[in-house]
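Each chain carries a letter (A, B and C) given by its place in the written order, and its residues are counted from 1.
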Amino acid sequence: MQEAMINKAKQLLADGIVDRVIGWKRGEFVYDITPAIFETAEELEKDFVYDDFTAANVSKYLVKESKKEGKILAFLKPCDTYSFNQLIKEHRVVRENVYIVGIPGGPKLDAEKIKEKGITGILSVKNENYTLKIETVYGEETMPFYEAVLDKCASCKSKKHMIYDELLGEEGDVLDSNRFDMVEKLENMTAQERYDFWREQLSKCIRCNACRNVCPACTCEKCVFDNPDSGIENKAPADSFEENMFHIIRAFHVAGRCTDCGECSRVCPQNIPLHLLNRKFIKDINTFYGEYQAGEDTTSRAPLNEYKQSDCEANIVHERGAE
Amino acid sequence: MLKISLDKLDKLFEAVSASKALYVPTDREDGGAEYRKYESGMKLSSALNTVRSAKDFFFPQTENLVDFKMDGKSIEVIDVREEAEDFVIFGVRACDARSFTILDKVFLAEPVDSYYKNRREHGTVVTMACTRPAETCFCGTFGIDAASPEGDAACYSDGENLFIEAHNEKGQKFIDSVSSLLEEGDTSKLEETRSKTREILKKLPLADLTTDSFGGDKLNEYFNSDKWGVLSESCLGCGTCTFVCPTCQCYDIKDFNTGHGIKRFRCWDSCMYSDFTKMAHGNPRLTQLERFRQRFMHKLVYFPANNNGEFGCVGCGRCLSKCPISMNIVKVMKALEVK
Amino acid sequence: MNNDTLIPYIGVVTDIRQDTPDVKTFRVVSPEGGKVFEHMPGQCAMLSIPGVGEAMFSITSSPTNKEFMEFSIKKCGCLTTWLHAMDVGQQITIRGPYGNAFPVETELKGKDLLFIAGGIGLAPLRSVINYVRDNRANYGDVQVIYGSRSKDDLVDYQEIIDEWMADPNIEVDLTIDNPQDGWDGHVGFVPNYVKELNPSVNKTVLVCGPPIMIKFTLAGLKELGFTETQVYTTMELRMKCGVGKCGRCNIGNKYVCKDGPVFRFDQLGELPDEY
């Protein structure tokens, strides 16, 4: 696929259809891949990479990139197209300035999951029939491919692209995913157990803002948490409950707009399963307002932005809280 | 050298924790390791390093500096400082141990930061030599030997026994406090382990990385380099690198109204954040390029300029593992360096 | 435990002068009376209203004033808005002194001095000017060129008229940006006025004002034959600690709070252009 993508990009550059390409750049190791802009065929040939570790969603970069002069080619995985659509809907990107080539998505690998197995000194990782052959400075190791899959890919919601100008590879389907399993598990806990679960998870937060800054739904010019006038601007918790509030408020802010791309959990240095907060909102919206998937289209009105007489009463919150 | 059998390690921990707070790296359920206060039954993590560095012990993420009580036009200043209690951090790696000497150069320089000094004086750092360095390790670049860590006392494992030696009086005190558990041991197998580790260190992918191109006199070469644009283009402007970094020490001071008075606290801050240098009338670092450049220039040029050539990085590799977009000091050094 | 510079002292505001529509000068003493601490001209202090914020301000009064310190503060952000709303008798917190000072006892001694200020930029220079006036024998000719947007925006106008202009030992040249009723003095921007006055190149220059004014003034001085080693200025960046640790005011290997705020232009030239 990497080869086909490089060729496609070179051709679109040569034909003058696009001026720049956003993709991913090879790193020092097999897994440390950085989103990058390419402007020439030479740059593409030298550094462009698309492999099992290329997981970053580049949609958010298009907020800025699509406002620059000229047209940019973006390779979007199915999950990334939901984010891009949502950004169109919110008038955050200039659609005409982006040429989208849909590419097959994951499952992508998580280097941290390999390291968790005690495998270190990693020099190369090869997927041979869904067994990872890992060459390390300590010798060769193997592990099953699926044990190293990113959490966001393990509960993939769709292999289908929601928007593209052109497709590379075969189109997939929307999946019947297991993504609400953990949410249900949390719902079935007692209030105290659930509280303890989140307190433990959120107490790990170092307030680095990686989740917010990577989130394609967090595109405010000035975040409320960075605004001294908001009264809640803080870089660190002034008390032990504050971290919890940061994440809960953020989840509220992206409710109905989060496409469940999973980037928040992928980038969290402390492995906090932040996506579960967002999934709870998605699940509740589905329950109360009818099935809705943010980023599926660019025109429909989101349930939380639209009033219908059939909307559930507000007291539902109170009733559920009492359960 | 004095030793204790690895299977008796919990006895050592029990003995230490009986008289003072002991912190050991331990595994979390999610796979990350972190320092926790030792409690019976706690197992020492086998991970190479903790996600958060050990700087937290001396420079915590948040701390109360001073309290104020406001009464009409009057203000009362309440000094909330208390003498810290003695504590031991066990299992600090060579990189983090070196980071303390870097932090000392900032916080113990005149005027001394009494908050930092207080904890530094009461903390005993017991280091642990590495035996399984990772591909992200490059402490050797900064002259650190992962097999011979600094610290008040150092431990070395040969797979069966843990050998321990003091580097100073504080370390000797620590050893004396547990001497009944220790016995003289033969270090021949340990020497083998250490030379094996050193062989591995030489084979690591970043073993050839050098600081030759960097230093305090390189400001003009690098500040105006045209590489910063490409290097910083995908930076998210988050604080992950800063907060997992053992040597980053920028901080913010803020006030919090508790309703019963004002708490003035200090917390970690990041030069990667857009508001770091923002003033009422403008911001000298307007784009992420300038903020990104500041972080790396500080570690590779400005810090050495003020500290006899010592760099502001210890090669722990945390930013290499944790940066959401995998941009880090190694990539910056390789892009900038003059071959 | 020893004192820590981050723990402030209490200061009592004993007098507030409305200098211009957006600048007030605050007189501060310790609760026991007298100055909270000693300083040298050009040094700064951290002032705070707990719960609102803390910021660095240059000490406007001269160290030769043995009774109180003064701060001329322009209303432009959250803390300064609060400070402007204070009444006499209000306590604030104060810590310092921070930073270096103009080298009044070394390089500047015996020299002919030219002070050039724009707007609120007079605040840090006022300390030096009054210090020099009180130690007049130690310095040669003294000239002050000061300009502001309008007559009403001239900080410390009353003191300038009553004391400086009445002092035969210093020359004071004022200018405002635009003509105004009741103003028969010079009209025009400071950098142009400096060129018109064509001061002797033997003078050592101390300049402070908005960045754009400093930029053009320096260019003008160079045209007149001044070199960068003759010109001093004082800088302002965001600061939190005041002692070179919090990292905010770092430019190159310098910390403005500790190694500055006073720099000579040749020294500034060695720093990255990030201020």
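Throughout what follows, contacts are C-beta pairs under 8 Å (C-beta built on N, C-alpha and C of every residue); 3 or more make two chains touch, one makes a residue touch a chain.
The structure presented is a predicted model; accordingly, all values stated were derived computationally and were not measured.
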{"item": "Farthest-lying chain, centroid of Cα atoms versus that of chain A", "value": "C"}
{"item": "Core chain by centroid distance, with centroids computed from Cα atoms only", "value": "B"}
{"item": "Interchain centroid distance [CA atoms averaged], chain A/chain B, Å", "value": "30"}
{"item": "Euclidean distance of C-alpha centroids - chain A vs chain C, Å", "value": "51"}
{"item": "Separation of mean Cα positions, chain C and chain B [Å, integer]", "value": "40"}
{"item": "Per-residue overlap in chain B, given as positions that touch at least 2 other chains", "value": "252, 269"}
{"item": "Shared-contact residues (touching 2 or more other chains) in chain C", "value": "78"}
{"item": "Residues of chain A whose C-beta touches two or more other chains", "value": "none"}
{"item": "Contact set on chain A toward chain B in their complex", "value": "27-29, 31-37, 56, 61, 111-113, 115-116, 118, 120-123, 136-138, 204, 206-210, 212-214, 226, 234-239, 266-267, 269-271"}
{"item": "Of all residues in chain B, those that touch chain C in their complex", "value": "65-66, 68, 70, 73-75, 77, 79, 81, 83, 106-107, 109, 111-115, 118, 216, 219, 223, 249-253, 255, 257, 262, 264, 266, 269, 271, 276-281, 284-285, 290, 294, 297-298, 301-302, 305-306"}
{"item": "In the complex with chain B, residue positions of chain C that touch it", "value": "1-10, 50-54, 76-78, 80, 87, 89-93, 236-238, 240-241, 243-250, 252-253, 270, 272, 274-275"}
{"item": "Touching residues on chain B, where the partner in the complex is chain A", "value": "28, 30-32, 34, 46, 48, 51-52, 61-62, 132-136, 200, 203-206, 230, 233-234, 236-240, 242-244, 252, 254, 256, 263, 265, 267-270, 273-275, 320-322, 324-328, 330-331, 334"}
